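In the two complexes below, chain A is the common chain; its partner is chain B in one and chain C in the other.
Moving on, here comes the complex of A and B:
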């Protein structure tokens, strides 16, 4: 109940009128009129189909939409879902919307949903992205059932993705999270996930909300907090995850939210990860990951050029972060022709680990360290695209697995430099 | 006649001896003050060095870019330099206090002025240090942002940001110590204005294509869709 002051009186009044619930579905929004109607309808239909006897509520945390998104959420009548699914709820299903700020902040949105879940004493909660237009009613069952049956505290999704979608996940977040924490979590940064009330309350109570850096990558931090807290984590295959253009717009922002959160987590959890070696699979329902192979046109040349420019222009920055041998090797490959260019897995892992150690030692501003990694990531992305240009789904999976093993193999290097020379 | 000369000489010698006897204790006071001052200044230096090492001042100075400047000028580290500065200021202060005891007319006023000047010098040095820190941080931020935005001349932008801030900081520091205030103000105005004009002309002539690309990217989506490439989604 410590969060009461953070929520508005109006929102609190609405929550009190709902009482307690079994299932809570949170939807963070910001100007999502195009998609929110169908998302809410699918959520309602999913609840009617799979949880008809449970008390449920939909909570919309809005970041200052100006296109009427909250009105669409509140106005979405349960009758429409009942007519389309021909199912009827045995309990009430309420939709509540609150504006947490005048501009979007994913951390505050999640905090609002967590606070609402705690106040309503929800047994199982799910967060659904308003941009998941491929969402089906099955998603709710896949996410919420393991939590509601009390077999898991956190359910993360796996998807069928294009082989080149989520390239930061396949080349950094998944392999490094796996190597460091020893758990094979395919989507450590998830926009759709489910969690138990216990985990939600624990995460809500932590002080990280007061730190600006912690606000940015809250979804990633949620996963990392569950790992660090020893909670039961599983994965559920949801289906196709379509490429959302908005995410591709700003690589630096994406890296701040995810890589920043991952590097940040290493410090308080050092005793946990420093003793782990290798990795273990986690319980997974359905496929672990699927890759689709539709042809896409990506400007690889620009990626390599931006890598080379970055290495040349940021030399003074890299001198503070990287070891001389790594920097020399990066400068060597930056001068290679496009046809012979290769940012090897070993060099990439070494680069990432040296960045993590530099972040820990705060050799320069931590935000600058994350920004400086972006041009190097482009170089790695170029190599990944080239290696898998004509590869089958199995080949892509093999390459990702090889990279993961490289991250695991070189973990002692991270430990060596972690407390090494200042 | 001879007796008169001897008498005058004796009187002069006696006066000189009296004057010397009068001055000698004051000279001894100056020497004692200098000695005590040296001990105090040395202790202050040792204590300051310990504190600066504790707070990792050298690292801070490295982050500010001050260390690189000192290395280029073949000067010792920032910690060493600051310790030496404090040592000499403290010792000089004690020596001047001792000299004050000599009672030389006009010197006392100058010494008082020197002591009044010290706080201003210290503030000017602080302005310089934090100014360098800010210049390094903002120029690095500009460089990173420019590289990630694929800006054509990231280093030029970064150096421009750094130069503008350093000019601004230098003018503030000079104004604080009161060195040629009017000249510095005019020089700052001329240099800043020239820099801005230069940048405006350079951006105007060199950035035409960039501005065109930006506007096309921002507003010309419909036309661009024909040969559009897929964007890479990192997450």
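Moving on, here comes the complex of A and C:
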């Protein structure tokens, strides 16, 4: 039986009409009418401002919106009759949309965008989050120029973030990716990034696109694939990244998409990361990272309570994942009063590495392993919030850097337990 | 044999623009002449040309290639005599080839006797035939056209000790059309040539005839009034003759030159030309469809004149800054190729001698609404010489053969009015009429077929146009229709093969007949009509319901 294409005939027809492009901007969406209008307008303006002569297209991969999101994207096209309201368009700008059949999944959306990029032979592609309301036209230049000038294959963003935004990033993804792969990539899980056609095609061809992969977070996998493939990676500072409120239940899903992908990558890339020590900076345009300090209300107490509850309720699970000494230490701090509670960097790194090794060995269901890490992360988040409660931006950066160094210092421990010697 | 005067002949003309000096030298003095041009009329007839547009051939100091006229009633001695011109005109008419001549109304040479008289004293009767001032501050809103050479539109005359007005070179003083005597005399000039038998005029630089303070001195109502009066006299005394406007303006500003069908019969569509080049370079139809959508309807008796190249630079006056930068970067990377606001290159070098692109551009020239004008030598893909000054690099001798002086002249090469193109790609040994005539698939023979196919239908000359807007923006598609005759034109602007689906439902039931090979294509149905086109390929289909 012939293999079924994940691209619809209608979308394929649209791609044929678009033809070869120099610049492709992919926008994954799902019910984003509140934000998508201004973002698409900014993308259009960015293309006309910074790439006025290039053949460009906006590709919308929509996860089944019912609020008219795709129509807003398609409306950004500049054809024979349409004109940009503010800027002169030398050439046509196509903006097309497709809805994929499965439920909303970033992996499916990215796959669609990658396929479009390959079919259109795009030289440089950017993916823009439909929630980045603070996006400016400069973002497109910052992301796409290094790729279009063929100096980079992957451009990842750095942002000005609130010090307590992205705690999973600052306490796990960044430091562990840095320690394991030896590259100081501040946003390994990026919702805005740019890539070369070469990298996109390779990822599209190599990645096994199935449901589990999609759940595992293809954006993170994309970064890791670029690292593993030795592609040229750089960072561009984009400016402010607004915090997007998420339900606390989203944490497990976020960890699946990011931590799951990171853990998953360790297996095939063992020969690459096992020989690396320390870390190297990567080329960065603009600031590496900025922290802002506006006061915010965070329910720290709840975090610690969820940690303690988790440690108690998941004891049997932890017994299969963690070393006895680590589990004992976690149980000890779980009993501490809020004022004396501290989930130290060393203990946190040890915990994470033991989870990674357990994931590798599949001591239990890998998904359960990721789920089990969530309450422990909440405990670490409590400590991070406490440590930096009154800290300056520099203090926060120092603490993040110290944690990174701890991950790097303890990397031999990961290697030691990787093959079950402890 | 008298020419038919019924149908507006200019709608179905295939114009060939040539300077007598450049075409063929019959007497071996190194300069083309009317007897030489006469000898080459069969060549033009065989190509399918039915109208010749002659550039200025009047007595002139030739500081602007003849656009600086010193005597409107004669022929420059280098090109022959008035009798030679009459002989050429008669020969052309015998071959059903009409002749339109250049008429420079706006200005004369500073060597013209009228100007000598005008500058000689403020009391001279011809003093007011030109525009004089004591200061150089008048008409400050008028732009300077030749930016590379002129600092002002006013020039100091040491004889008259006054400033005179000039929109072009300072040696080309503008005539004063506020003076009725000037208007009358210029009509007398036109009448002189019309009585001799010329079929029309290409009127040079018409937007600038009248000046008024506080305006940009272009397209003024007073100018239109003068032009309408010339037209009235023309229709009254010489019916069937034609006026073609050179007005390098935006479509909306050009429209008044047609008035209610009582000003010009034809006008060059200047803004379209650079956009055709832009569309092919961008591989995007937008520049072309955009400008044609902005082009207003014109009276039924009127016609656009389309061209790819002419004797001037590829003008970029009618594009915006973004487009101009793009055109310069795309077609004139060498700064020596740029002149004023344009690019001084011929068609073939502009298109990198890419036969497919040359054919595509000519295909569009012949199928878009208007009468096509071919610049001499472009039918064989002649090159240019950017090392010659001004626009002389695109005005080199016609290349007839690979022999002595390219078959243009028997003179010693150093006596030629301009050196032949000599580079190995475009030089006469490589590019010439004789060898192309002997090669079935040469550009010259292909051009002949193209013209013949165009002339096989009236739809291209007189038909309406309806653009199709397929999703593939690399495809420029339109239907030309005259009564029941329908022609579908599909152009691939891209250097890669393209698939396109055309919505032809309104032509359901028609079969498509490809006009060059006469092959039949599938019948149009309800579904989008799928076509594939090779790089830069174009199709002309006759839609037939059989």
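Assume the second predicted complex is superposed on the first by the 395 of 422 C-alpha atoms of A that agree within 3 Å, B and C clash if a C-alpha of one lies under 4 Å from a C-alpha of the other, contacts with A are read in each partner's own complex, and residues count from 1 in each chain.
Here is the rule we use: a residue touches a chain if its C-beta (ideal position, glycine included) is under 8 Å from a C-beta of that chain, and two chains touch if they have at least 3 such contacts.
Remember, predicted model here, so these are calculated numbers, not experimental data.
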item: Room on chain A for both chain B and chain C (clash or fit); value: fit
item: Partner chain(s) touched by A:283 [first = chain B, second = chain C, both, neither]; value: neither
item: Touching partner for A:52 - first (chain B), second (chain C), both, neither; value: second
item: First (chain B), second (chain C), both or neither touched by A:374; value: first
item: Which partner reaches more residues of chain A (counting touched residues only), chain B or chain C; value: B
item: First (chain B), second (chain C), both or neither touched by A:297; value: first
item: Which of chain B and chain C A:17 touches, first, second, both or neither; value: second
item: First, second, both or neither for A:317, with chain B first and chain C second; value: first
item: First, second, both or neither for A:309, with chain B first and chain C second; value: first
item: Least Cα gap, in Å, left between chain B and chain C after the two complexes are fitted on chain A; value: 39
item: In the complex with chain A, residue positions of chain C that touch it; value: 278, 282-287, 289-290, 293, 320, 322-323, 326, 467, 469-474, 494, 496, 498-501
item: Residue ranges of chain B touching chain A (in the complex, touch as defined); value: 59, 63, 137, 140-141, 143-148, 150, 154-155, 229-235
item: In the complex, chain A residues that touch chain C; value: 13-14, 16-20, 52-53, 55, 78-81, 88-92, 94
item: Chain A to chain B touching residues, read off their complex; value: 164-169, 189, 243-245, 247-249, 251-252, 254-255, 258, 296-299, 302-303, 306, 309-310, 313-314, 317, 364-365, 368, 371-372, 374-375, 377, 381, 422
